[in-house]
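There are structures below to look over.
Across the two complexes that follow, chain A remains constant while its partner is chain B and subsequently chain C.
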Partner chain A sequence: MLRPRSKLESNRLGVAMIMPALILMLLLLIYPLIQGISYSFTSYRFNRPNATAFIGFSNYVDIITSDHKFYSTLGFTFLNALGAVLISYAAGFAIALLLNKKLHGRGLFRAVILLPWVISSSVTATNWQWMLNDRHGIVNAFLEKIGAVEDPVLFLANPTLAKFTVIIVGAWKCLPFMTVVILAGLQSISPDLYEAASIDGAGFWRSLKNITLPGIRGVTTMCTTLQFIWNFNNFENIYLLTSGGPNESTFTLPIYIYFTAFARNKIAYASAMAVLVMVIMMVFALIRFRLQRNAEE
Partner chain B sequence: MQTRSSGLLSRRAKHRIGKLFAYLALFIIIFVVDLPLISMVGTAFKNQDAVLSTTSLFPQLGDWALQNFIDVFQKTSFGMNIVNSAIVSILATVFCVIIAAMAGYGLSRFRGKFFTGYSVLLLLMQMFPLMLLLIPMFMLYSSYGMVNNLSSLVIYYTASNLAFNIMMIRSFFDSLPRELEEAAKVDGCSGFVAFLRIIFPISLPGLITVSILTFLNSWNEYTFASLLLRKPDIQTLTVGLTKFVQQSDTNWGYLMAASTIAVLPALLFLAFAQKYLVQGLTAGAVKG
Partner chain C sequence: MKKLFALLLAQVMVLGMASCGEKAGGGTSSTGNAASNVAAGEGPTVTIWECNWGGDAYEGALKKQAQRATDENIDGKGIKVETSMVAWDNYYDTFLTAVVSKTAPDIACEASTGCIQYADMGEALDLMPIYDAWVAEGSPIVDEVGQAAFDFETFNGELIGLPFSKDGTGLFYNKELFEGAGITELPTTWDEFMEVCDKLLAKYPEVVPFAFAGSDFASLTNVNDLFMMSNGASILTKDLEPNLQSDKYTEIMGIIKEMYDKGYIGRAVISYTGDDIKRMMNTGETAVILTNAPTWVAEDMQDKIGVMNPVKGPSVEEPYIASAFQAYHAFNQTENPEETLAVLKWWYENNDILYTEGGNGCIPIRASQQEKVMTSELVREYANVWLNAENSYPNIYPVQSFYPFHTTMDAEGTGAKPLNALLAGDDYQATIDQVCDEISEIIEDAGY
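Up next is the complex of A and B:
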């Protein structure tokens, strides 16, 4: 049936269909990426472009051997991503369990849960700043009214608390995704399994442990690894909320790179850090791939 | 029999109580989760004095005011920012979805090394950290004098949404039987015409999903827009919003009114196209 000529002809159509997208990506994404990687081997600074020289791996050596801030920032980037994922997974799981019941207005509940996900970080960040404001915010007003605190809590101005706040807001942003994806996972579990378990006398917790959790194992792996990578790589959320402050206490790697490149003009050094982040991300992607394959088996 | 039926009744009662508890829990959860947005809307409708002097969630009854909304349009460049965002997002969505639909079709219907290689490239594209792209992109755009130019944003949003969109559209096409075009070809249509006349219309639901996601991504994007657009009347709305905060004392009333306007498209999509949004979210999760 496959005549060589018609196959060749149709393949030509396929290549033609892909071309616009391919050319756009090569020009606008791949070319800049290669340029970014090549910056990292130079001494390029935005304010002194003429003094640029090829310096090999010097930037990388500097970062790895003597940049303490890189390591401490890496630590918080990791902690932030992990914390946000754990909190949002636990909360998302609980909400998904509730939504999985046969309730009226389930679609409406799901829509309202989705809100934080479809709204820009510029909006959500300012909303949180307003809510957590020390003089006019409703959170402090509430805490003072019930007598939990005497002075306003400085959620964003106290370095230790700010870290905590940033993680909570990150979890809040991931929550819609977690809830909807886990709910989809729950709905794929056959109700017969629960019925059989309840006939065998299994209670809520035993069904949860023996049916629900194994049933959504694949979904769990997928959504936690995906959100971990997303949080690790995210810039806007924290930058708009705290600008990395106070006192750089909520610096994550994307914010550190941003300031190094655009405030201190060290384009080459920042690019080298971005390449290192890419390497870390590739390791994560590899782990994710492995985990997902295991979950599928 | 007696004991059994009473057992059944109590179980039903238990079920009722369980449901009531679930509703209550959901209402509380939703209130807490959406509190930042509820307080945004409540503050937006307060008058200027009440914004700072009251801490209630909503204005007092009879004190609801539209002054913040009116001022935001009359006294700031926010109206212009909305127009800019709308232009950029609509153009980027149209370009991106058309180009992605073509490429998605190519990947779905044709086999060979070229196509496999392209699929791998698409997967790799989604792993690069934003910052590695942002730095050279900024240098590139500024060296070509494309700073303070909305078309550079259209170009960037088109390109940056391509990889994800192609993979999603491809999976929609994969679910359509090949016989559809074969039949059209027998009727004398060329391959491209068959795509345009047959495949494109049936896959409309998939294309709507992708369009909504692309529009929202572009509408909500901040980082690149903030680097590239420096003049107030050329900025998009996400950048315009942060300008309200950066002034030494923030006008919270204006900020919340502007934010409320900024979330309207998302609310509309959520109200009228939730199905598509959820589909995009879960499909994206599986693909991403």
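Up next is the complex of A and C:
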């Protein structure tokens, strides 16, 4: 059966309307992706562009078999992403529960919670550096005032503490997204369920366990997976705060890839690392969604 | 009607994307055949990217200088000069990415090592015509700069950089704190320096005896150079072999470790920026800092801050002082080579404003310019004691001329990694071996 002429025209119009955005997306996303993948099979270096040769999987073999720094950096990258997601989810969930209640000034609180998200990373990094400074940072001043510490805490100068610091700052950055998404999930749960549970004698914790958590399972999977991927791939939050220091203790894969490409000029090797990271993230996302689907079934 | 509107909208969006394809830094290209006697600013555009040699006022000074250059109507070609200031944080990748993507500026002023890397890549514009013009004009610039500096910036017979200043670090101290601690003589050796720190710590437990910037690779490299060369140590030998396992280097690292362990060096220096330590000096929170030329000293602190003389290590009779020639260079990607050379010549001859208003922290290489722009007695004293000293050497010492892979080592602070490890409380000795392997890899990758 032939479709009506107007429907055909409507389809053509739709295609014409999305074409500019599609072209832009192809140029900005697909083209660099394909070029990056193609570089990863060569020996391309910025300072020796004319000596580029096809070397097959050599870069990948070198990374997997002999690049110890890749593995140590991968470890902290996972830890950083996991830590930021867990902390921001727990805090976001608690805040969302509060914001879901009929509080006075709820609208203002909902707006304020977005601040970490809307302020640019360069501004937040500068402010965190100032707040955590050992000499005149407000955090150390407070801790010393309440007698919690005798000497200033070296949040950004001690390699171990710096790791925790960047995870906390990362969690702080993720908090608005988690809160907003979980809040949306909470609001989709029918109040009748809570009423019925209340009539049956269920308290707060039982309602939380049997109604709230199952009710937001879908949004939980979505927001934690997305935030894990974003934190795994995030460059600017840590680079602006510590530049990967002190002594490379807060090096994540994006920072390592950046230095390999632009300081060592090894763009092909860096591209291979980036492709590996992409594959790792795709596998992670697949496993995550598969587990979620199995749990729902 | 709806279809027509949609198509018009699509066209507008496509045209909008097309207009985003202009070269970064602005710049309408010219045919290169612009006639003379063109009105000011109506001719080809020459772009200059310069790193922030001063402070907050530097960008304003650059733009003012660019406007003056445009109004000057250099050679009557109506050249329009545009500038962009590049932050030090990622200067290396900014320039490298631009060069590789063929969007480099016409003229650049960045770290001293930039010239050689891009010359090695075949991207440098030969600046010999400027030198020849000065010789033909009988300009005093040639003698003032000196043949040694021009030779330093020569690669494969081409002049790849115009050295305009000497850059380096020094030690500065708070006179009041020293007086209060009963210190009457300035230290000349690191042992004496530690005795001074001990007295300061005893008198002022809240004051950091000695601080420097350690949060970025560029700053830490400067710190590393000062310490290393004070004991005659170096990152490479004359034959371009890694030299961090030498006795002199091990010795000076031991001295730094001792200072760090005794609390003479601020425990958080690895997180301090250059601005942090200068603020600490201006507010009396630290007694001695290691940093560049004292153009940052506040007005009310000019009499309270002194220039310390270079301190030597145990293995030398006199300390070697690290310095670097900073130079302008140009790229042969330029669409207007003649205009680029003309602008660069003018810019070089007339850049006083970058010191007087921009606060350029380098010391002019020409004595006549030093007279004009160095109005602070403190800055003059620093120049005389540190940069103009007989034992001041380029920081690639003992290598005589630039090698291309120095830029790579500079960009990631390779030579400063052991110091980085020490200040982070990690095993710096293990890092020394690792860094020597890295340096060997860099040298091999560079084809040396």
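One rule holds in what follows: the second predicted complex is superposed on the first by the 269 of 297 C-alpha atoms of A that agree within 3 Å, B and C clash if a C-alpha of one lies under 4 Å from a C-alpha of the other, contacts with A are read in each partner's own complex, and residues count from 1 in each chain.
Operating definition for what follows: a residue touches a chain if its C-beta (ideal position, glycine included) is under 8 Å from a C-beta of that chain, and two chains touch if they have at least 3 such contacts.
Worth saying up front: this structure is predicted, and the values here are computed from it rather than measured.
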With both structures lined up on chain A, is it a clash or a fit for chain B and chain C? clash
With the two complexes superposed on chain A, say which partner A:Val277 touches: chain B (first), chain C (second), both, or neither. first
Considering only the touch criterion stated at the top, classify A:Cys223 as touching first (chain B), second (chain C), both, or neither. first
Using the superposition on chain A described above, determine whether A:Leu24 touches chain B (first), chain C (second), both, or neither. both
Which superposed partner A:Ala263 touches (first chain B, second chain C, both, neither): second
Contact-wise, after the overlay, does A:Val112 reach chain B, chain C, both or neither (first, second, both, neither)? first
Would you check which partner chain A:Leu13 touches, where first means chain B only, second means chain C only, and both and neither mean what they say? both
Taking the superposition as given, does A:Phe235 touch the first partner, chain B, the second, chain C, both, or neither? first
So in the superposed three-chain picture, is A:Asn47 touching just chain B, just chain C, both, or none of them (first/second/both/neither)? second
Pick one for A:Gly147: touches chain B only (first), chain C only (second), both, or neither. neither
Residues of chain A touched: more by chain B or chain C? B
Clash-bearing segment of chain C, relative to chain B, as chosen among 98-106, 260-268 or 440-448: 98-106
For chain A, give the residues common to its interface with chain B and its interface with chain C. 9, 13, 16-17, 20, 24, 46, 129, 133, 135, 258, 261-262
Considering the complex alone, what residue numbers of chain A touch chain C? 9, 13, 16-17, 19-20, 23-24, 45-49, 129, 133-135, 152, 154, 156-159, 242-243, 245-249, 258-259, 261-266
Enumerate the contact residues on chain C facing chain A in the complex. 2-3, 6-7, 9-10, 13-14, 17, 90, 92-93, 96-97, 100, 117, 120-121, 208, 214-217, 267-271, 273, 276, 280, 285, 404, 408, 411-412, 417, 420-421, 423-426, 442, 445-447
For the complex, which residues does chain A have touching chain B? 9-11, 13-18, 20-22, 24-25, 28-29, 32-33, 35-37, 39, 46, 95, 98-99, 101, 103, 107, 109-124, 126-131, 133, 135-138, 141, 172, 175-177, 180-181, 184, 222-223, 226, 233, 235-236, 239-240, 253-254, 257-258, 261-262, 267, 270-271, 273-275, 277-278, 281-282, 285
Across the complex, what residues on chain B touch chain A? 18-19, 22-23, 25-26, 29-30, 33-37, 39-40, 43, 51-52, 55, 57, 99-100, 102-103, 105-107, 109-110, 112, 114-115, 118, 121, 125, 127-140, 155-156, 158-160, 162-163, 166, 191-192, 195, 216, 219-223, 227, 237-239, 241-242, 244-245, 252, 255-256, 259, 262-263, 266, 269-271, 274, 277-278, 281-282, 285-286, 288
